[in-house]
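Two complexes are shown next, each including subunit A; its partner changes from subunit B in the first to subunit C in the second.
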Partner chain A sequence: MDDKNHPNPLTRRQFLVLSLGAAAAAAVPAHLTGAAPTPMAKAAASAAELESFVQLSALLTGIAAEKLAPAVDPVNIKQVYFDLARKESGDTFQQLLSIFDQNQGKPPDEIAEIILTQSGAAVGNLARTLMLVWYLGSWYAPRDPPQYSNFPSSTVVSPDAYTQGWVWRVAQAHPMGFSPLIFGYWGQTPPPLSDFIVPGDQS
Partner chain B sequence: MNKVYDVVIVGAGVAGAMIAKQLGLAGKKVLILESGAGLPPNINDFMQRFFNASAKVPESPYTPALFNDQGALNDPTQLNAPRPSVLMTGKGSWQDPKQSYLIQKGPLPFSSSYERVAGGTMRHWLGTSLRFLPNDFHMKEAYGLDDWPNWPITYDELEPWYGQAETEIGISADVEDQTYLGLTFPDGYNYPMPSIPLSMVDEAIRAAVDGQLIDDSSNPAKVTSTPAGRNSRPYQDRRVCAGNTNCIPICPIQAKYDPSITLNHALNTGNVDLWPQTVATEVLIDSETGRVTEIKYAQYETVDGPQTGAGSLTAKVFVIAAHAIETPKLLLRSNKQISEGIANRSSGQVGLNLMDHPIYLAWALMPESKPVYPYRGPLSTAGIESSRDGAFRSKRAAYRVEIGNEGWNFPIGDPDTTTIDFINGINSSGLNTDKKALYGKDLVNALNSNLIRQFRLGFLVEQSPEASNFVTLSEKYTDHLGLQRPEIHYNLSEYTRQGFVAAQQAAEKIFSLLGAKSFTAAVAADDSKAFEAGGTRFKFFGAGHIVGTYRMGSDPAKSVVDKFQRSWDHKNLFLVGSGVFPTVTTANPTLTITALALWAADTIKKDLA
Partner chain C sequence: MTIVKGVIRVNKPFLAGLDRLFLIVLLAAVAGCAPRGGATLTPLPPTVTIAPTVAPTETTVVPVPINPQVTNCNITPPPPQPNSPLEPGTLSRDIPCAFTFAPPDTLDNLQLGFDFNSWLTFAGLNAPADSDALIGQGSGVGGDAPTVWEQWKEHYEIMLPDGKTPAAWGTPRLIPPACQSLATSSAATLGKNPLVLSVVVQPFDTGPLIDQAGEYVLYGISVNRPMFEFLFQNQLYNQAGQANFAGDMLFPQGSVIAGTTGFIGAIMVKSSWKVMGPQDDPSQFHTTTALMYTPPSDNPKIEEACAQKTVGLVGLHVVHKTQTEPQWIWATFEHVRNAPTQAEVDRNSLLADYNFYQPGCAETVCPINQPPPRPWNPNVIPFPHNFTSQVIRLISLTSEVSDLNTSFQSLLKGTVWENYMLISTQWPTDGKSKTDPTGAPFPVYLANTTLETYSQGEVPQASSSCMDCHGNATDTQGRASDFTFIPQRAEKTP
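Moving on, here comes the complex of A and B:
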């Protein structure tokens, strides 16, 4: 972990998931890995798309990419959201990633402006849905903002998605029902906001 | 053949659990019937259900599930042990029997919910464990409220049982903090654990309001740490609170007490059995002696499946511990032998005087220079108790003030609502007045700046006892077992409403002392929980404090049970839980439910000796 004040250290369950994942990968027979160039090429393209997705997400959410997708990432929520966006909004999602890739060289505010207001309602609405899922862990079907009322219908993506919600960190707090902190912390000023959303040193 | 039991208890909530444990320890054979699910080996399923719930309401972790596969509320007609939810009190649902388990006749919705599951409604309690005040027990004499019933007991009589209840639950509090408005403790008494530290929200309010007059009570305000059934040290093999800010609906580490602790202690005596998914359907009596002879039951295996069993149980003593709505439901439907209903011949009071603590909710934003960092710590760690008693009680309802640590989660569903506002450029929260749609650092900063300054106050108003607020049986609507559902008639009296008027003024005073800006929303025209008082429209919320309907008293013509919670009509029948409270008083009911249950257990033990 990058920081002793990090609000979300690995839980035992997450370690289990991590080690199980490693074991599963090791169990794949060698003749099935690397034998087929087409799947590999697909995987490479997919990894590039995933990286684009993380960079796009960082731009929109204001949370550092290294925080959204840390080097050690047992929960791997980025993949969950990436797969979900593709499943729910395939063509628009592809379009959104393309727009982002095509405009990579521009200043961040310009890219955001292009995505959120200049590429049509479908792209802008999906971008806002992705911001919401990163912040709240819930999927709000893309639609025009004025249709949202106090409690628009949404679906919690998964328990992990709820506990990974960034709004809690932005509030310098923790998800309700998921405190990694110790007795009495609530009487003390929390660590500064930057500790929650900007990567710390890796020492 | 059925085992022979000394005592059959209906309901595995805190009252039933406490009695079962005490009787089990004394070697008595006890059977508890629980209408809902039994004790799971751990709370993992509850937690998963909570995490996955879009509406993280008090009932969300528990069974039966609130929603069906289509995302609509489950139809109570199709469930064997349905229960109310706060989701059933909105304008579109509260009077729809396909959505609302309770058949609500109004004019206002009864807005509190309960659980039908082993552990009972305390599965989702907050943990607040205040003692009632000496004056709470005799409002008639203290404040000339001639229509109000006295309790048949005094604070001094109940005091030793409070002490035992505090040990059984495991309360964290300081005696010095709790010695106010006539409360006394035995010399040298200490709570089992030290008090819970105040939050930054509490400290800010304390600094601004301590010593000030916030309302028409003559007592200067004082913010004190709230006695809580929440561990400040390891206790009963349970962990110390980690401030999950989730006491309601569920503490993920069980640092907060829930009755599964006591149920397990009871089962471990080897003398107590618990039958889940077993609904008591009828109480039978011997018409000559008036004693209860049997309780009939129906059983099922799945929440909406067919009835799978039925039978009848005999015992020496029967205890109904199904709280203030399901208990009268059982008594009133057991009326084939007695037209008035069981335990109702002498007084006719069964089902009457339903009460709650209707809540006035006020929320505000601290100045930018004074963030209070909510969404941290237990949901509430402190309150203002100084307004619970005073001469004003002759004219208006008293209240206690609960300080919330969960920002605007209760009032507006935050942090979600504010997040949606700033991402979509709308203003449901009131915080995004320019309707800016933000992204990146601006979004982070706007959310941070607003969320770290939020707080709310909940005023728990003492509802006056009224015979016109009552539970009866629906003529028309049943559950899946064919049992008539509770029909509720409910309103707030002028006395109670005047408590809201005072609460609103107190909230404004507190906000002004803090330099905080109120965001308490105007009440929508069609809100089901809206009412008028003093020319102002108010909205109330339920506190989950379901009280009254089989009141205790000293006169068999005016009360259902005596001071020992024994039915006046049936000497081997005890009715326990908050249904016995003649008045709802000014504090959360659980500690008093527990104290009275322990007292009843002692009486039953003597009966069986």
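Moving on, here comes the complex of A and C:
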């Protein structure tokens, strides 16, 4: 969401200074402070942001980061969602990542409380949009929760995003029209939920 | 990629009436002749003339091992980078028994390892079958020769009409009756094991592929000895045998125990061939003289026919079951002049001619990646109304695969094999996943323009993905059949 749409518009720097203090401001990546980053620094910053995004996503969805983004990741849907969030919600997305980074040492419930209720409507709504995109593979424009009762419009991010929607796996099922399961799976008890969302199924 | 479902009906199977007990004795007799490696063939003596004079006891019945230990696994490590020069000794007759790679354990590096593995396998399987020479060192033009895998069992020799017992490994090729007179009169040209190519339609009946001369592309499917022995010894070649089979249908796996000692495991190969016409230069293809068998059909009405054709290899799937890749490793190769990529078409960077693309032909005249209109009758050549397939590769090769291809092609320079390229290798990134039996394959989509012409793309469940498709394979009893559709061809016994 653009700053002009924020209920209490702040520039990126103002927000950081006011809410996170000077120490937080010092930790802001170079590309946000106006200094020209080197290509390597830019790549490192981007990789760090992507990692933050995955950890944030794990917090928001309740699904292990290793499941959302395996070390050897054939689909790499995390990058698709990361790029989409940055494109659609630029500054708010950076703000959300910064808030998450600054609070990573706290208990998950406390971080969620900060993001969803204490950081402004734009941040909270974007967090909800991220939950939806991970679960449904569709992008819902961030908006206040009451508006969701009106069947808000959404966009399926891509065919791969549809198959990667976590709602199917949390239901221990598969998307309509696509299944990686072998013939006859419908006659068998599905694996436990933990196999889908908790790491360690390599045993 | 998908291995097409097709059937050849043979009215007089080679081993009709052979008593299974005699067959077991025969296998026991040759137990000591097991090949030292999967790429080494040991012909068996003729079978039907042998009859034991004394009934064998239980202790003497020792079938050949389905997946015997070998000592010549190729364990050559991949290069550090795709464009690293390769040692001349990289080419070998020995194939990898399993996937080996050098760290790091990243997606790109693993992909390089699998692609390198695919090229080593390609080199081993395409080595001359009639000598100990390396790939490209055969006695024919451009170092060509009949290859190792062309001596393997073709699918129709295993799944026989009425569920008859197939002939043992090493027996001469089973020739359909309609081809027998031709095979006899051309025996000197065809050799002991001529390929019999009968399939012209791609998977899911999506259509045939028509070359620039209006000829149908022909397809063949072959399996190696461990895969054959698994089907044979477990009597999975008919529906009764499959019904009686109590175990899981899991084909033998390739693995390395230590050093070069290990097990080859099951390998299946699907090939595509174009007829060599006046416009083709056979010195630029691996060629063979094959029997083109057309089974009879009522709808559309097609007469049974057989013809002898010189054909050139244009596509090759190589699929290998290994211990760490229970979803198999799926490699696919093509002739370099098959078709341009979409990117090459877009920037008009085209060769003068292709096997399946006509530069300069307007899309209204030459529709892209569209099957020909029905009826499809391979006896009518050239295809009516001057139809030729206009094929474009929708997913370009990665730069890493292109670099690796360049490295291997330089080793094969001056031979027919320099005209072949790896498209990619699909492998399971999570082979032991409890929730995804396909093992989370990568790349997600993989198609060969001659074998999955009409299902290229990146649409889940619609576009070609080897493991996603073959994960649906079953036998005739509705059981999962370990990523191969071959058991589904088994017929009922009378």
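The working rule: the second predicted complex is superposed on the first by the 160 of 203 C-alpha atoms of A that agree within 3 Å, B and C clash if a C-alpha of one lies under 4 Å from a C-alpha of the other, contacts with A are read in each partner's own complex, and residues count from 1 in each chain.
Just so we're on the same page, contacts are C-beta pairs under 8 Å (C-beta built on N, C-alpha and C of every residue); 3 or more make two chains touch, one makes a residue touch a chain.
Owing to the predicted nature of the structure, the values given are computational and were not obtained by experimental measurement.
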*Determine, under the contact definition given at the top, whether A:159 touches first (subunit B), second (subunit C), both, or neither.*
both
*Which holds for A:138: it touches subunit B only (first), subunit C only (second), both, or neither?*
first
*So, A:181: does it touch subunit B (first), subunit C (second), both, or neither?*
both
*With the two complexes superposed on chain A, say which partner A:112 touches: subunit B (first), subunit C (second), both, or neither.*
first
*Using the superposition on chain A described above, determine whether A:62 touches subunit B (first), subunit C (second), both, or neither.*
first
*Tell me which partner A:78 touches in the superposition: subunit B (first), subunit C (second), both or neither.*
neither
*Who does A:191 touch here: subunit B (first), subunit C (second), both, or neither?*
second
*On the superposed three-chain arrangement, identify whether subunit B or subunit C touches more subunit A residues.*
B
_So subunit A touches subunit B in one structure and subunit C in the other; where do those two contact lists coincide?_
159, 162-163, 177-184
*Could you please specify the touching residues of subunit C with respect to subunit A in the complex?*
105-107, 110, 429-430, 432-438, 440-444, 458-461, 468, 471-474, 478-480
*Could you please specify the touching residues of subunit B with respect to subunit A in the complex?*
47-48, 50-56, 71, 197-200, 203, 232, 240-246, 250, 252, 373-378, 381, 405-407, 409, 412-413, 415-417, 419-420, 423-426, 428, 437, 439-444, 447-448, 451-452
*asked:* Touching residues of subunit A toward subunit C in the complex: what are they?
replied: 70-75, 159-160, 162-163, 169, 177-184, 191, 195-196, 201-202
_Contacting residues of subunit A [partner subunit B, same complex]_ = 59-63, 108-109, 112, 116, 128, 131-132, 135-136, 138, 140, 145-146, 148-156, 158-159, 162-163, 167-168, 170-174, 176-190, 193, 197
